[in-house]
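Chain naming follows the written order as A, B, C and D, and within any one chain the residues start at number 1.
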Amino acid sequence: MISNSLVYLIVLPLFSSAVLLLTGRRADRWGHILGTLAPGISFLIGLYQLAQMLGRSNEERAVTQKLFSWISVGSFQVDASLMLDQLSICFVLLITGVGTLIHIYSIAYMSHDHDRRRFFAYLNLFIAAMLLLVLGDSYLNLYVGWEGVGLASYLLIGFWNQKPTYATAAKKAFIANRVGDLGLSLAIMIAFASMGTVSFAGIKEHAGQASTGVLTAIGITLLIAATGKSAQFPLQAWLGDAMAGPTPVSALIHAATMVTAGVYLIVRSNFIFDAAPNAQLAVAIIGAITLMFGALIGTAKDDIKKALAASTMSQIGYMILGAGLGPAGYAFAIMHLLTHGFFKAGMFLGAGSVMHGMDDEVNMRRYGGLRKFLPITFATFGLGYLAIIGVPPFAGFYSKDKIIEVAFNSGGAKGVILGCAALLGAAITAFYMTRVMILTFAGSKRWDDKAHPHESPVLMWLPMVLLAVGSVTSGFLFTQGNSLQKWLAPVVEQSPAAEGELLKPAVVSILALLLVITGVGLAAMMYLRKPVPVQAPADVSIFTRIARRDLLQDEFNEAIFMRPGQKLAKALGIADNAVIDGAVRGVARLTQGTGRTLGLTQNGFVRSYAMWILLGAIGLLATIWAVTL
Amino acid sequence: MTTFTTPSLSYALLAPILIVLGGAVLTVIFEAFLSKAIRPLVQLSVTLGTLVLALGQLWRIRNESSLTAAMGSVAIDGPAILLQGAVLILAILGVFLIADEDQFTVQAAAIPGSQEERESIQSGEKLTEIYPLTLFAVAGMMLFTISTDLITLFVALEMLSLPLYLMAGLARRRRLLSQEAALKYFLLGAFSSAFFLFGAAFLYGYSGSVSLAGIYDSVSGGTGNSVFLLVGIVFLSVGLLFKVGVVPFHAWTPDVYQGAPTPVTAFMAAATKVAAFGAILRIFYTAFANAYWDWRPFLSVIAIVTMIFGSLVAISQRDVKRMLAYSSIAHAGFLLTGVIALNKAGLEASIFYLFAYGIATLGAFGIVTLVRDSQGEVTDLSRWAGLGKRSPLVATVFATLLLAFAGIPLTSGFIGKFSIFSAAYESGNKSIVVVGVLSSAIAAYFYIRVIVLMFFTDPAEDGTSVTIPSNMTRLTIALSFVITIFLGVFPAPLLNFISSMAIFIR
Amino acid sequence: MLLPLLGALFIATLSKSKELLAKQITFATTLLVAIVGVAMATQFQRDNVDLQFVESHSWIPTFGINFAVGIDGIALVLILLSVLLAPVVVLAGWNEATGGRWSVKTFYIILLILETMMIGVFAASDVFLFYVFFEAMLIPVYFLIGGYGSGARAAAAVKFLLYSLFGGLLMLASIIALYVLSGEQGGHTFDLGALSQLHLSSTTENLLFLGFFIAFAIKAPLWPFHTWLPDAADSATPGTSVLLLGVLDKVGTFGMIHYCLALFPHASKTFTPVIIVLAVISVIYGAFLAIGQKDFKRLIAFTSISHFGFITLGIFAMTSQGHSGATLYMFNHGFSTAALFLIAGWMSARRGSSKIADFGGLQRVTPIMAWSFFFAGMSSLALPGLSSFVSEFLVLVGTYTRYPVAAVIAAFGIVLAAIYILIPVQRALHGPSTEGNETLTDLNLREKVAIAPVLAIILALGFYPSPLLNVINPAAQHVITKAGYSDPLPTIGSTSAEKETINK
Amino acid sequence: MNPENYLYVSALLFSIGAVGVVVRRNAIVVFMCVELMLNAANLAFVTFARINGNLDGQVIAFFTMVVAACEVVVGLAIIVTIYRSRRSASVDEASLLKR
């Protein structure tokens, strides 16, 4: 099916962002309105497309639009063309929908910032790039969006870059992403070299013939890309610092959408991973590691946003895990992605609203007992909380349990290990989220009296409410009669019913619930019974300390890459001057020296000149003799 | 008892030389009888007139060619015409420079700084002996390029050398240096011409004939004692190579170039090279052509050594005239590659190169005469700093000429280098070409150094200034500049003319 | 093509005092040239692989030298680059001539002469003519650097000149050899086409190839012949640097395509592995040094070394993607570097220093300038959607299909690029506006007008490079076929692993 | 008597002259050594004339003498001026021009 309205999805926000950037201060008065309208309209278009899709039979729901031939050299042909199928429509709606809400939220949240227009410009740019990412019909088009969102996130993290630390955080994020991008570009190269095309359709078609080696290589490189963008182990380090950006950014980019691009990439590339089991396994393992990693960090963070960031990391770990489980898991990975989109965004907005009320205090130890002051925030945040820890019937319950279940059923020791990891993760999640809840809303007030906590304006709480609704209902909707699974079926081949179930769904749910309850209980014991100290206690176990320091991820990177890199750069700089340029200068000096020495023969004595002539003559005689005889 | 036949001379063909000699005699007479007041002007105009006249005559006979112009002791052929023409043109331009009396002592005989010298300066005397000397030298040079037997060669050699010895000693300022230059030039010159003569003797002994043709025959015939031939070639070469100043016979060049009055330096640097190389080309291309197996090796060695030595030593020079002297040594090396090539291309290239180089040299030294302070010329490079600021025009011209020496495209130097190297390469002497290329890279360094000095260094406030050139000097410089550029951009006419002429006749 | 020269002559007739007029005339001339150039480009038949706009006048018949010009797609692109950059440079560097050693007028005369030669060097189809332009071009640049630069300008100028002269002379030796050989094989000639037909023994061919290649490698500049570039770029005026890095250095890479490959296909084959290695080294090495730099101009210079590594890589990968990519890269790099350098120039002109450390928080003080710089930087690190991405990616893909390892290593340049661009961006543009920067003024109208088209082109070509690619492709394809190569086929199927190893 | 011997003599004379030029300081003496070399050449010419049985050699000898005479004129002139201004005829003292 051909459609010609897809492009507007992207063009609208892109256009508005361009307008906002170019018109400059003149647009300050109406910038945010335009900036909010653009994704809004895109959302409507998205809905229209969805309606169209529903109207069509399952097979021809995908629509494409060829804009123009982008790069065409020899056999390397890439069109700038878009493709909207069942998978991308989910993302389109998530991005534009949640995006719009967050735009609305930002109008109020950023009202005091005199750069609000620029903020909206960036947000729009992000929306456009993200839409391109999910709509591109080839890896190269995806790559454009891929780096585009990277740029937008860089700009937004560094939005308050007058703070050096924030600027650094932005740089860190961009570079970490660049490493991922390297993976993606390598994947594209391999794909082109081996299959002569870079479009999804083309590669899907050829994947069958390609050797496992090639496919594994592509798979691994794609995984690298995913880890970069989705803050998965080992490229997770940037996400924590990324919280330097304004809270709406954290909600939209670093919770709901951009960081989930990795999941999209893997699910989108299902045809590669299904044919390359090793790569797939690697994906699952990375997912498992990260979900534990994030969860552990989450338990020790006092900064509310960092805690949420850690949980994001962990939740995406779940998604990657799901995606790594192959056909059985794709649908649930996406499902969890969507539900997570709702509740995590909601919680971030909640956190934002709390900070708004507590004049930008982020340390949870300085909160406490806020539920009376911010009732709505409390309510919405609470719902999100219930969703994330997976209490039925909230969204998280459906999506997460499904992943755990699939993990267990993926067969063999692998299944058991992954499943246990997922279960354990669920428990820890419950623990640290409860901790957040308690520290923030329960207990007695620990803030000094300068702060006057107050509920946020309607523009802020309305989006929160809507998202809360989403986080309550979405899971139920998606699983109702496996609707989402069926919906996605044409994109990701469904596997025949998972062979020999290890655990029945019910069992999994019960196990999970038990663990969750333990987690909650533990947290309640630790933080409800005795009052929480405002200063983080120093006399804590080594594990806590390490966890506070993000499990030493930064120390690791700095020791292994950053400092040696700097040293190398410095060393090379010196070497360049000393060795290479030195050699050149040396030659020059040598020449001069020789010249001067030879010049000494010119001693001014006519007799020595005569001597030269005489010797010359004799020399000539010698040579001529040597030659002739 | 042989019957005596009167020698038959074809005066038309010899006319150019005869005119010059006549002019020379005339100037000598004027020197004796004219009053101080009018002498300089008359002498100058007579000299120029003579040269121009000779040039005109040369043009009229340009298509003639004969071996019997003077009983077989001179050959009038294409190269002869070209080389004589070159000598004459360079001489004319040179005379323009020489006309600047301020350069010359008024009483060569007076002791430097003595009473009588001062008197003669006050009495406003002008030195005019320079003109006859110049004319004799020119005549000698012209004869040198066309003579085809050993006697004439030797006579011509002395005829061009002796006046130059004297001219080198006529500087007005720094007379001690000037006289020293004269002494060195004379002693070494005489020394080398003794070698030349000795070599000539052995060649005569080898072939039993004094004519180059005769030597050629016996070389190709293979008759005669080859030892005599080798000794002859070597010693003759010593005498010739001394004149063009290649290592190891170069030692006089820097000293004499520096000590002699700059106009004389210009004249001899340009014209002598043409004459000497003219003779070398003629001798090696005609007489020794078939013995090239013997002489090519040592000429190649000399060429290589010379190119490298000249370029290297020039780097460390602090005096502009010495610097140019060493550069001329390097160029002599480049020119030798043309001789070694021993093919028509080589001959054409050499002639073109000689002409282009001579013109540029005249211009360069002409500019040197302009840079002065109260004590006269300033040749110390360090005091040339910032010339580009003080008088951009002069500096630009000088820079252009230096770039021509360095062989940068769009200057005559580049065409010359290219043609001479390609000729050498064609003759299979690849190594020489490589060395030549490398040494011109080195050479580029010190030319550029001077340019940097003139343009990018700030002037030291020491009263160094550029005098307003006399019209004639200006003319010389302007012409050499124009010709240098023109030959760089449109060399075709000259090249065609040369290639249509450049065939030696035996 | 002669237009600039006329302009130069005309200005020469002006009096020193009329500086403004001189500028205006120069600008008008360059603009006119640009228009003519674009007009010509539209006349260009893209699918015709032969040289076009051919003209030939006998110049030095004695040596069979003709004043012969004619361009193919590649040359056309580079000529476009030169003529488009020229007016930008004039406009951008409106005042950089003042304070030079000589009059403003002289500056513009030299500039126009230089432009003439730039066009000539790309257009020449006669090796001798090419060489003449190649060498003669050095002189104006030399005076531009030494006369109007800053810092140790004289030293830098000399270094530049000697480096290039040395290379040039090696090339001269090769050219002489070619000329002689052509004489031995029926008629002296310098016609590129005729020379490429010569039969050379492999040794000769290798030596001659080296003669040419080293000259070009110095110009390009390729590691380890690069050390002149940072100094030159450091002390030249921004405008000069733009021409130097943006156009002149392209002569090197252009020469590799146009002469090395065309004249010595076999030698090129022989040396390809070495060159690939050098190119990869340049990519990584340049990037690392750029990271280490403390000075804007030097930093940009080193980034260019890295970029030229990519270009060379693309050329010698001998795939159509690599080649088209490389040529496109030359064009794009011209513009992105131009933008970087001009803005860096404006920044240091305002601040009176080009030390990165001296800047800070410019994004707050001078948003437009900061943004332009950021934009240019993004294109320099090849952000998708900006022009250099297309070319860089083409180069990498093209390389990968034949030399996977090289491509993979070079790909790390992508990451390093992010680092070396973001470091100065953070230090200079972000953070609080530091001492001495609060009062800097933002771009004025002239500067905006100068930089806008450049940024526009960068953006436009990022999304729609086809206009250029369509011109380049046939030519590139032609070169490769002549060099006896063809694109490696996609290695579908189980044998792909072996095939890749073969390609290595 | 074998004419070759004359050649040996002339070679000997030439060598003596050449060495003399190199070792003697007094300009006059140096100059005399040069004359010696010229005459050595003359001897060689004459000898060869004898060997080859034609007169050219002899003729050259005369030419040489004339030329030598001219040389003397010029040479002495130069040497005398040097002597007058330096009060010495040592060639080693005239060494201002160097490097």
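Worth a mention:
Keep this in mind: a residue touches a chain if its C-beta (ideal position, glycine included) is under 8 Å from a C-beta of that chain, and two chains touch if they have at least 3 such contacts.
Keep in mind that this is a model prediction, so the values were computed, not measured.
Comparing mean CA positions across the assembly, the chain most remote from subunit B is A. Put simply, the chain closest to the centre of the protein, by Cα centroids, is C. Interface comparison, A-B versus B-D: the higher count of C-beta contacts falls to B-D. Centre-to-centre, using mean CA coordinates, subunit A is 80 Å away from subunit B.
Each chain gets one centre point, the mean of its Cα atoms, and the points for subunit B and subunit D are 25 Å apart.
Between subunit A and subunit D the centroid-to-centroid distance comes to 97 Å (mean Cα coordinates, whole Å). Subunit C and subunit D have CA centres that are 66 Å apart. In subunit A, the residues that touch at least two other chains are 588, 599, 602, 604, 606, 610. Touching of two or more other chains is recorded for residues 162 of subunit C. Multi-chain contact residues of subunit D (touching two or more other chains): 18, 21, 30, 91, 94-99. Pairwise chain contacts in this structure: A-B, A-C, A-D, B-C, B-D.
Contact residues on subunit C toward subunit A in their complex (touch as defined above): 162-163, 224, 226-227, 285, 288-289, 291-293, 319-321, 324-325, 361, 363-364, 367, 371, 378, 383-385, 389-390, 393-394, 396-398, 400-401, 404, 407-408, 411-412, 414-415, 418-419, 422-423, 426, 429-433, 463-466, 469, 473, 476-477, 487-497, 500.
Listing the residues of subunit C that touch subunit B in their complex gives 58-63, 101-102, 131-133, 135-136, 138-139, 143, 146-147, 153-154, 157-158, 161-162, 165-166, 169-170, 172-173, 176-177, 179-180, 183.
In the complex of the two chains, the subunit A residues touching subunit D come out as 599-600, 602-607, 610-611, 614. Contact residues on subunit A toward subunit C in their complex (touch as defined above): 21, 24, 68-76, 80, 140, 143-144, 146-148, 151, 158, 161-164, 167-168, 170-171, 174-175, 178-179, 181-182, 185-186, 188-190, 192-197, 206, 209-211, 213-214, 565-566, 568-570, 572-573, 576, 580-581, 584, 588. Against subunit A, the residues of subunit B that register as touching in their complex are 183-184, 187-188, 191-192, 195, 226, 230-231, 233-235, 237-238, 242, 247-249, 251-252, 254-255, 293-295, 297-298, 301-302, 309, 312-317, 442, 445.
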